[in-house]
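Next up is a structure, given as structure tokens.
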Amino acid sequence: MLRGSSRQYAADVVPEAYCYMRSTVRRVLMLLATMIIVSFLTYAAFELISGDPAEAMLGTQATPARIAALRRELGLDAPFPVRYIRWLLGFFSGDLGVSYSYKQPVGELIAPKLEVTLCLCLLSFVIITLISIPLGVLSYQQVVGRFGWIHTTLNQLLMAVPAFFTGILISWGFGIVLRAFTPGDFPDLHMDPAGAFRHLLFAAVCIAIPRTAMTVRMMRSTVISEMEKDYVQTAISRGNDRQGVLLGHVLKNSLVPAVTFLAQTMAEIVAGGIVVEQVFGIPGLGRLLVASISNRDYPVVQAIVVILAFWVVLAGLAADLINQCIDPRLRLGGGS
Amino acid sequence: MKKKMNGYLMAGLIITGVLLLMTLIGAFYTPYDPTVMSAREKFNAPSFAHLFGTDNFGRDIFSRVLKGSGTTVFIALSTVVIGAVIGTAVGAVTGYFGGFIDEVLMRMNDALTAFPSILLALVVISILGPGSRFNLILALGIVFIPGFARVTRTAFASLRDRNYVESARLMGASSARIMLIHMLPNIFSVLFPALTIGFNNAVLAEASMSFLGIGVTPPDASLGYMLSEAQGMIVAAPWYAISTGLMIILLVFGAGLIGEGLQRSGNSTEL
Amino acid sequence: MLEIKDLHVKFHTRNREAVAGVSLTIHDGEILGLVGESGSGKTVTAMSVAGLLPRKQCSYSGEVLLDGQDLLHADRSILRKIQGRQIGVVFQQPMNAMDPLKRVGEQVGEVLKIHTDMDSDARKKAVLEAMEAVELPDPEAVFRKYPHELSGGMLQRAMIAAAIVIRPRLLLLDEPTTALDVTIQAQILELLKWLNAESGISMMFISHNLNVVRKLCTHVAVMQRGLVVEEGDTDDVFFHPQHSYTKHLIEAIPSRKHTAAFGKS
């Protein structure tokens, strides 16, 4: 595509697509490494404390012979690294072990709840994104203006509202008083998708309120700092109107930090989900997690923690890939 | 550091000051005994006798909120102290010396950020055992270490090559002295806002954990635990949930305003 | 063509006026050099002409007339029709002045997109011609590049191409060569001189570097503390400086005798 004569363009010999692919591969490898560290930390932590699961499972019926038999059955007699790798391989092939308290494969136990939780997280994420990005861009002028303090104060106030408090109020107002949904009675996701959606929507809004406030604030300060950059002057000097400057230049430049921030928000959404599921009686991973912690059902806890952490890490990866599409400077970043 | 008073800082300090004063007084004196039940006074709406009304056992909610916020604030402050002291120390050492340890710790830090804070706290609490105030403080404290470490590491790394640090080093000051006397005061502008954010996260995390029933458990009562109680009687005594929730909001709001104010007045300082 | 009459600009955050009564004229085809140290008000003067003053953060009076039309108090919507179309601006830091996320070709053609109804093919053709004119090697390739993929000198050429692609009447150059190294600086100056000779475009060239101004400009105005202390024909000002500050500046040029001997030829 080039005549290839001028030496200045040596970088162009490497096609853009290749750079893109190389940095993507790098990112995926880093992701795998992070996942392995995360899973190892979790596994090791629970190995340290859980004591002997065989003993726990047998409870009062524990005799040395029975414990030994069960240990062999569960593969607990192998050394720690072997057990970890076995567990990790099992994890990726869908075999997550057996729950102590439900005596049921963890995978079967988790799968339907995972669906619900993912729906809740995504719904909340969509709400946050759809509201905060436009609002952040549009409201930047207000903050600079005379009534900026109202925005800032309102923002701080909304950031202070815990999701479970809104949850209590909403399930009281919309659930008990207005009967828009029945708190604690979550419709089956496949049998009644519309009802489930409505139920999830209320929960998602609760999670979204403080995070939306935070994202608006972040977006706004990004737009403000972008507006001070030189390229904005250039854009104005070319006769762009405000809209042209904002939408044509500033928006795209503000998106990179916004996408990164939204990926971090995923972690907070997951955290909020754990609590809000409790408030609304949504049978998701969060409720199972809390119950399993109280029951000391470690295989379940382990699996849920790792799944949620993976979900967060995946969101980070997605953010990086999206940012590479937006910002060409990140594509070459493979080396430095 | 040029300290400019601004409206946010002022409002935040006033709100937080009043709340802290109230909880402090609440530790020694409450209008009613927050645990004494009274069959005749069940589900009273707010009145002059009971500012926030009473709950299903006829307990005075105002007194309970005072005691509960005392617990919450105590846990949040201890948590922030643990997180800030250890985190700052780790961040200072890694940022100042850099090198291999820095790399390793930062990689671990990255991995830890994959855990949402409450999830991490849940893991730690399930290791330590749920239901104890001390374990909750420890769990949340551990959870907040990486955040503080990250903030201070960045600040220390950027200060490391400044002239005055260089000259102190040439004058033969020890590393510990340089870090404590020369560098630490200069990162306050970064550290203070981080402290307010940490406090807020701690209040919310404590409330969440106790709400879930794996934080503070009775007879100890914190705002989060009280909210979970209040949810059960939301129809009969909505004032219970509302007053408790507002208390949490005000605590977080006040500290948030202080953070906002500090950030704005700190903008004029470099770094 | 451009007439600045008694321009005053004062920022609310400062006590002193940034520009304290400046009057200047640029005729068709002239290159006016605006010289002074940083803080002397030369950039603020240029910003007033370009319509880039942050109007809410300062008070201003006087007139900036482009062909009789006042720009200083003009409505933003009127100003926008002149910005880019009649007045092109080139800034000091090409790396920062470019939007980092847009391809260079698109940025060079932005003025055409705003001010004309050319389709994208026609725009591309015009952009490539402009790039050719500023001697950018391999315009087709540069068109598809992002700013970070080009050197500072090439970016500044692209910025000039962007400013002239629509053939404005006036080019404002705010220290366009300061951020570049010396050889590239000389090339850019040559280019500007050639553009002026070829298309008769007027220029206002801001610099604190007298040598540069002398090589390029037909007229010079020396600014100090918001005032024009001396102005006139380049040679006049250089060989018969009246004001002590001008003398001071000229004396500060390294190896003055050497360059003076060259300059006269």
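Order of writing sets the chain letters: A, B and C. Residues in each chain are counted from 1.
Just so it is clear, a residue touches a chain if its C-beta (ideal position, glycine included) is under 8 Å from a C-beta of that chain, and two chains touch if they have at least 3 such contacts.
All figures in this text were calculated on a predicted structure; none of them were measured in a lab.
Shown here, the protein chains touch in a chain-like sequence that does not close on itself. In this assembly, C is the chain whose CA centroid lies farthest from the centroid of chain B. Central chain assignment: A. Criterion: smallest distance from chain C-alpha mean to the mean of all protein C-alpha atoms. Centroids of chain A and chain C (each the mean of its C-alpha atoms) stand 49 Å apart. In whole angstrom, the spacing between the mean C-alpha positions of chain B and chain C is 54. Per-chain Cα centroids separate chain A from chain B by 23 Å. The part of chain C that touches chain A in the complex is made up of residues 50-52, 76-77, 80-85, 87-89, 91, 93, 96-102, 110-111, 114-115, 137-138, 141, 146, 148-149, 151, 154, 159, 162. The touching residues of chain A, when paired with chain C in their complex, are 2-3, 6, 8-9, 11-12, 229-231, 233-241, 244, 249, 252-253, 326-329.
Remark: chain A residues 34, 37-38, 41-42, 45-46, 48-49, 149, 152-153, 156-157, 159-162, 164-165, 168-169, 171-172, 176, 264, 267-268, 270-271, 274-275, 278-279, 289-290, 293-294, 296, 298, 301, 305, 308-310, 312-313, 316 touch chain B in the complex.
Interface residues of chain B facing chain A in the complex, by the touch rule stated above, are 7-8, 11, 107-108, 110-111, 113-119, 122-123, 125-127, 130, 200, 204, 207-208, 211-214, 227, 230-231, 234-235, 238, 241-242, 245, 248-253, 256-257, 260.
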